[in-house]
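Read from first to last, the chains carry the letters A, B, C and D; within each, the first residue is number 1.
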Amino acid sequence: MKDEGTQVWINWSFAVPALVLMGLVNVIPIGQAFYFADGFSALPLDTRLVSSLKNTFVFTLATVLIELVLGLAMAMVLLKPLPGRGWVRAAVLIPWALPTAIMAMAWQWIFNAEYGVMGDLLYKIGLVSSPQIAWLAKPGLAMAACVLADVWKTTPFMALLLMSGLANIPDELYEAAEIDGAGPFRQFCFITLPLLKPTIALAVIFRAIQSFGVFDLVWVLTGGGPGGKTQMIALYVYDTVYRYLDIGYGCTLTLVMAGCLALMSGVVLLVAGREEA
Amino acid sequence: MRPSPWARLFLGCSVAVIVVWSLAPFLWQVITSLKPPAEVVSVPPTYWPSSPTIASYFKIFENRPFGTYIVNSFIVALGTTVMCTGVGTLAAYAFARLSLPGGKWAIRAILLVALFPPTILIVPLYKLIKAIGLLNNPFGLILPYTALNLPFTIWVLMTFFKQIPKDIEEAAAVDGLSRWGTLLKIILPLSAPAVATTGILVFIFSWNEFLLALTFISRDAARTVPVGIALLSGVTIYEVPWDQISAAVVLTTVPVVLMVLAFQRRIIEGLTAGAVKG
Amino acid sequence: MAKVTVKDIRKTFGETTKVLEGISFEANDGEFVSLLGPSGCGKTTLLRIIAGLEYADSGEIHIGDKEVSKTPPKDRDIAMVFQNYALYPHLLVSENIGMGLKLRKYPEAEIKTRTDDAARMLDLQPLLDRKPAALSGGQRQRVALARALVRRPKVTLLDEPLSNLDAVLRERTRGELKLLFRKINGTAIYVTHDQVEAMTLSDKIVVLNKGRIQQVGTPHEIYHEPQNTFVAKFLGAPPMNIIPAPQILEAGFSPEVPGEAKDRLLGVRPEDLNISVDSSDGAIAFDVTLREATGAQTVLTIKAGALELRANLSGDWPINGLKAFVSLPADKLCWFDASTKEACS
Amino acid sequence: MPGLHLPRLLTLLCALLVMGVFGCSPAKESADGRIVLRYLAGPDVGGGSREIIRRFEALHPGIKIKMVEGPAASNIRENMYSTSLMGGESTYDITYMDVVWVPKFAAQGWLLPLDDRFTPEMQDEFLPGDVLGSIYDGKIYRLPAQSDAGMLYYRKDLIEAAGFKPPRDWEDLVRIAKALQDPPKIWGFAFQGKQYEGLVCDYLEFLWGFGGRVIDKDGKIIVDSQEGIDALAAMVSTVRTHHISPEGILTFQEEEARHLFQEGKAVFMRNWPYAWNLVNSEGSPVKGKVGIMPMVGRIPGSGAATLGGWGWGISAYSEHPEEAWKFIAFATSAESLKVSYRKGGVIPARKSLFKDPEVLAKSPHFAKLYDVLIAARPRPVHPMYARISDAIQLHVSAALAGQETPEEAMKGAAAEMRAFVERK
C-alpha cells in the first residue's frame, strides 16, 4: 500500500486526461471570455438581447417540456417487450442521427409555403383551407416550426436517457403497488416519477443547456426571422462575434447566457430536490 | 402481469405512432431523393416519384468525394466515441469511487463548464488547434468533440457507477484484480448499458457536428459528411440541389442506423439482466 | 494453509471514532476462528483489515510467515465470502468461481478441474452455466463459497455469510459449512453476531465489543469460563444470571465468596442452577413468576424477595409448581469483580 | 467489455495522435518546392475557377493555387474567413470577397491595400460600382471579378397581351401586378423577404428608389427619414394591403422567388442576373417570355440597383503578397473573366466584356444588364455594416410580418444602429 498522499495522486490521475482535455478546450476559452468581456454598459439598452433571451426561454421551455413528456412516453413504450424491439429502437433514434444543419434545410423545405409537404398534408386531411401556409413567415408559426423540428430531433435523446433510468426501477415496486391496488396511473405517479427524479433532473438540465444554446437549427430554418421573432441568444452571440467582430461584447453576451443557464440549472436541481454531486 | 388485449392494442398503436413520427421526415427525404430534380419543386408535392430514379445517388459521388467524407466521419466519430467513453469512464470512476479530496468541486466545475455554448469557443479553439498543428487532421475534431461531450459522459457514467454495489469491487480486489482490472473487467461490463448509451449519443453528435468541422477542416480529403452535404451544389450557387441533399442524407444515415443496431443489443442485454442486484 | 497473527490493530474513523483499539489474536493453521460481537463492535472492520480492503492505523497482520499489513488484498493469498455474496452479475457461475484462478494465470485445464471440484463439493454442477440472477439465495451463497474455496487460499474470510438466508436454510448451511471446513482443514476467519453459529462452527472464538477483545478461547471456555460479564451475558440463551454477591447472601445462599462480598458479582448459567419442586437441604424457596416451555426445555423466571433469577431445565415443570427450591452448583459458579466486571479466579 | 483492452487502445490512440501531429502539419510549400497560395470560395460551378488556375499555373510554374471549396452560403464563408483572419494566421493568402465584406475586413487591418498596384487607370476598366465598393477609407482593397446587381424581371408575354407597357414607377408596377395576378395561381410580385442579407438588398433598392439613404455623408444614421419610412411602406404594401405578394414571401430567398417566377406563377420578380439563364433554360415554362429592366422607383427613372459581386483581395498575413497579386491580376484579366463567363455564366466586372461580340452573341441581354450594373450602388460602406444590415433585416421583416408599422420599424432600426454603430 502506498501512503495516503500518493494514493490520492494516483486516484486523481484517473481524472487527469478528462480534466486536461476540458481545460484545453473549454476552460481556456471560457477564461478568455471573462478576460475579454466588455461593453457591459450597453446591456440594458440592448433590445435585441432582451427579445432574444425571451425567445430562447420560450423555445427552451417549450422544447424541454414537450420532449420530457414525449420522451417519457416513448421510453416506457420502448421498454415493453415487443417483437422487433431492436428495429423500433433504431427507428426512434434516426431523428437524432440526422445532421441538424442538413435536417434544418429539409424542414425548411417541408415548411415551405409553396412546395412544402406540411401544408399540403394538412390540406389533404382537411385541417386547413389552403395548402399554401406560410409557416415560417408568421411569428407564432415560425416559433412552432422551430420547436417542432427540435422536439422531433431530440426526443430520442431524452427517451434514451429516461430508458436507462426506468430500467433501474425494481419490478418488485410495481408489483407491490399493484397488490396495494394502485392502477397504472397511480403507479406512474407514486413510483415511476419519484424514482425517476434524478434521471429526469439530469436529462432536463442537459437538454435545457443544449436547447438554450440552439444554433444550427434556427440559423438555417428561419435565420432568426420573421422580424426577429425566432432570434435566439446563441445566434446573437454568433453574429456579434463573427459578423460584427465585436468580441468583447460577444463575450459579455456569453456570460449573460451562461448566467441564465446556471440559474435554470439551479431551479431544476431545486425542484428535483436533490443534488447529484 | 398479463396485458389485456386492450392494453396490447394500445401498446401496438403507440409503437406505430412513435415509429411514424420518427421516420416520416426521414422517409420524405428518401422519397425526395428518388425524384428527378424537376419534380422536387412541383406543386402540389407528389407523394411518390412519378418516375423513381437513383440518379441523385450517383450525382453526389460525381459532385463530391462522398466516400472519403464518410470514411472521415467514421474516423472522427469512432475516435471521439472511444476517446470520450475511455477518458470519461476513467474520470467518472474516479469521481464515483475513489477518494478524491476536492472531487466534489471538480464535478461542479465540470457541470459549470457545460453551461457555456460551444458557439463561443470557436475562435479560441481555432487558435489552439492551429497552434498544435491539427487543422485538417481528424484529431483536430476528435479533441474538441471529446471535450465537449465529456461533462455529459462523466455525469451519466458517474451516476451509474454509484449504483454498483461496493462489495463486488472488493470481491474483485480479493480475487486479485487491480484498480485497473476492476474497472475493465467488472465495472465496465456491468455498466455496458450506460457506456453503450453515452457511446451512441457521442457517436451521433460527432457524426453530425457542423460548425467546428467546417471551420477546422479546409482540405477536401479531410472533410466530414455534414460539411460535405452543405458543399453539394446545384447548377448555380443559389440553387439548392434538394435531390442530392436528400440522397446524401439517406446515404449517410445508414451507417448510423447500423451502429445503433449494433450497440442496441448491448442496451437490451444490460437493461434486462437484472443489472447489479444481488 | 497458514497461521494468521493479528497484532495490536488500531483503527479510527474520522477524527475521533475509535473502531478498533488494539486487537491482537492468532488463528492457527487449520483453525476456524469466529469474530463474535454485537453490531458495531468493529468485527467487520477487523475482517476487512485482515483482507486488506482497509488499512489499519497501526498494528500488524501476519499471514503465514509474511507480514502483510501493507499488502493489497490480491497478494495476501486470502479468499473472502461477502455478506451479499458480491457475485459478478455479468459472469456465469463457472466464470465467477474461476475468476481468481484465471487472474493468477492458472492453466485452463486446472481451472476447469478445480472449478468442477468446488462445484461438486457444493452441489453446484447443474448451475455452472447460469448467471447469478438466475439463482436462489442459497445457491448464490454456495457460489460465493465455491469462489472462495476454489483458490485453496491460505485463509478464508467470511463476513456473515449466512445472514441473508432464511432460518431453515441457515441451519442446514451451517452444518454443511462445518463439514466442509473440517474436510479441507483450512484456516478460516468468520464474522458473525450469531452466537449459535460461532459456538457450533468455531475452534476458537474472539469476542469483541466496542473495538476491544473481550475474550479469546474455545467455545467451551467462552461459554463456561467467561472472562467478564459482557461475554457471560452475550453468550447463552437465556443469558447468564449475574447478581451482586450481597444480594445472594441476603437471599440465604452461602457460596464461598472469593474476597469481599461487596466487590463481587456472582454469575451462574440458568441451566446450571439446581432446581426442584421439592424442598431439600440448603435449598432456598423461590416463587415462580413465569414459566416458558419450549418442549425440550423450560425456562423459569423465579423470585425470592428482591432477587430474580432465570433457570433453564430440560424437560417439563409442573404447571402447578408455584414454588421452586434452588441451590447453587458450587463448581459452576463464576465470580466477577463488581467494579471492573472482570472474572476473578 | 471482453476483448477490448483499454490501455492498449489508448496507446494506439496516442500513437495516432502523434502521427497526426507530425504527418499533417499544413505546409506552406508543396512537396515540389512551389509556393502554395490558398483561397476560399463557393462551389466551383462549371469549373471556371479550376480552368483559370490551370492556366495560371502553366504560366507560373513556381506557384501553386489551392482553391478551398466552401459552402454555397456566402455568410458561412465570410465567417470562415473571419475565424482564420481573427486568428491572425495565413491559411488563406487570397480572399475572394463579397463587396460588403471589404469595409469590415479592411477596418480590421486584415487586407493589404492595393493602391500601388491597382492604379486608377486600371480601375477605370472595371464597372464603377464594383470599384467603389472595393474602397474603404480612401484605399482600395479589392480587385473586382464578378459583378452583380438587383433587377426587375417581368413577364413580357402577359404584359403585352394585356396591353400594358413595362412599369415606369412603383405605382405602375402595383397597378399592372394587381391587374394581371390571380392568386394563388399567379402572383403579382416576387422578391426576397426572408430575414437575411437579401432582404436588405431589396429594401435598399426601395429606399434609394424613394430618395432615401441609410447613412449621410457625415456618417449620421438617416434611415428613419420620411423617405425611408415611405420606402418600407411601399414594400410592406405588397403583402399587407395590395396583396400582390404571397404571405410566404417572408421566407423567400433568391431560389424561392425564382421557382415561383419560373413556374409562371409571378408577373414580376426582383432578382439577380443569375436567374436569367435559368428562366430561359430548356424546359422552363417561361422560356423566352421574360424581360428585364432596372428596378422601379417612386418616380420614373429613380429606380436603383443594389450592387452585389465578388472580387479578390490579399490577406495582410500572407507571406507571399507578390505572388498573390500575380494571381489575382491574372484572374481578373479580360481573358480569365471570359473563362468564368463561358464556364459558369459569371457576369464579368470588366466593362470591355459587355462589348465583346462573342459575349453579346451568346447573351444578348448583357446590353440591358450593362445599364443596370453601371447604375448599381454599393450597400453602405461601413465597418459595422453587418450590424446595420441586421437591424434593417430584423425591422423590415417585422414590418412585413405586420408586427411593426413602417414607421416603428425604421425608428427601431435606426435606434439600434445608433446604439451600436455610433458607439464604435
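We take it that a residue touches a chain if its C-beta (ideal position, glycine included) is under 8 Å from a C-beta of that chain, and two chains touch if they have at least 3 such contacts.
Owing to the predicted nature of the structure, the values given are computational and were not obtained by experimental measurement.
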Which chain maximises the distance between its CA centroid and that of chain D? C
Looking at chain pairs A-B and A-D, which one is connected by more C-beta pairs in contact? A-B
Chain A to chain B: how many Å between their CA centres? 15
Approximately how many whole Å separate the CA-defined centres of chain C and chain D? 90
Dist(centroid_CA(chain B), centroid_CA(chain D)) in Å evaluates to 36
Give me the residue numbers in chain C that touch at least two other chains, ranges are fine. 72
Any chance you could list the residues of chain A touching two or more other chains? 114-115, 242, 247
Where chain B touches two or more other chains at once, by residue number: 41, 43, 122-123, 189, 192, 230, 240, 275, 277
Complex contact set, residues of chain C against chain B: 48, 51-53, 72-74, 78-80, 82-90, 99-100, 103-104, 131-133, 137, 140, 147
Residue ranges of chain B touching chain D (in the complex, touch as defined): 38, 41, 43, 79, 82-83, 86, 122-123, 126-127, 130, 132-139, 180, 184, 188-189, 192, 195, 214-215, 218-220, 222, 227, 230-240
In the complex of these two chains, what residues of chain B are touching chain C? 165, 167-168, 170-178, 181, 186, 189-190, 192, 273-278
Which part of chain A faces chain B closely enough to touch in the complex? 7-8, 11-12, 14-15, 17-19, 21-22, 24-30, 32-33, 73-74, 77-80, 82, 85-103, 105-107, 109-110, 114-117, 120, 131, 152, 156-157, 160-161, 163-164, 167-168, 170, 178, 198-199, 202, 205-206, 209, 212-213, 215-216, 234, 237-238, 241-242, 247, 250-251, 254, 257-258, 261-262, 265, 276-277
Could you please specify the touching residues of chain D with respect to chain B in the complex? 1-2, 5-7, 9-10, 13, 16-17, 20-21, 23-26, 38, 40, 42-43, 45, 68-73, 76, 79-80, 83-84, 86-87, 89, 91, 253-255, 258-259, 263, 272, 274, 277-278, 283, 345
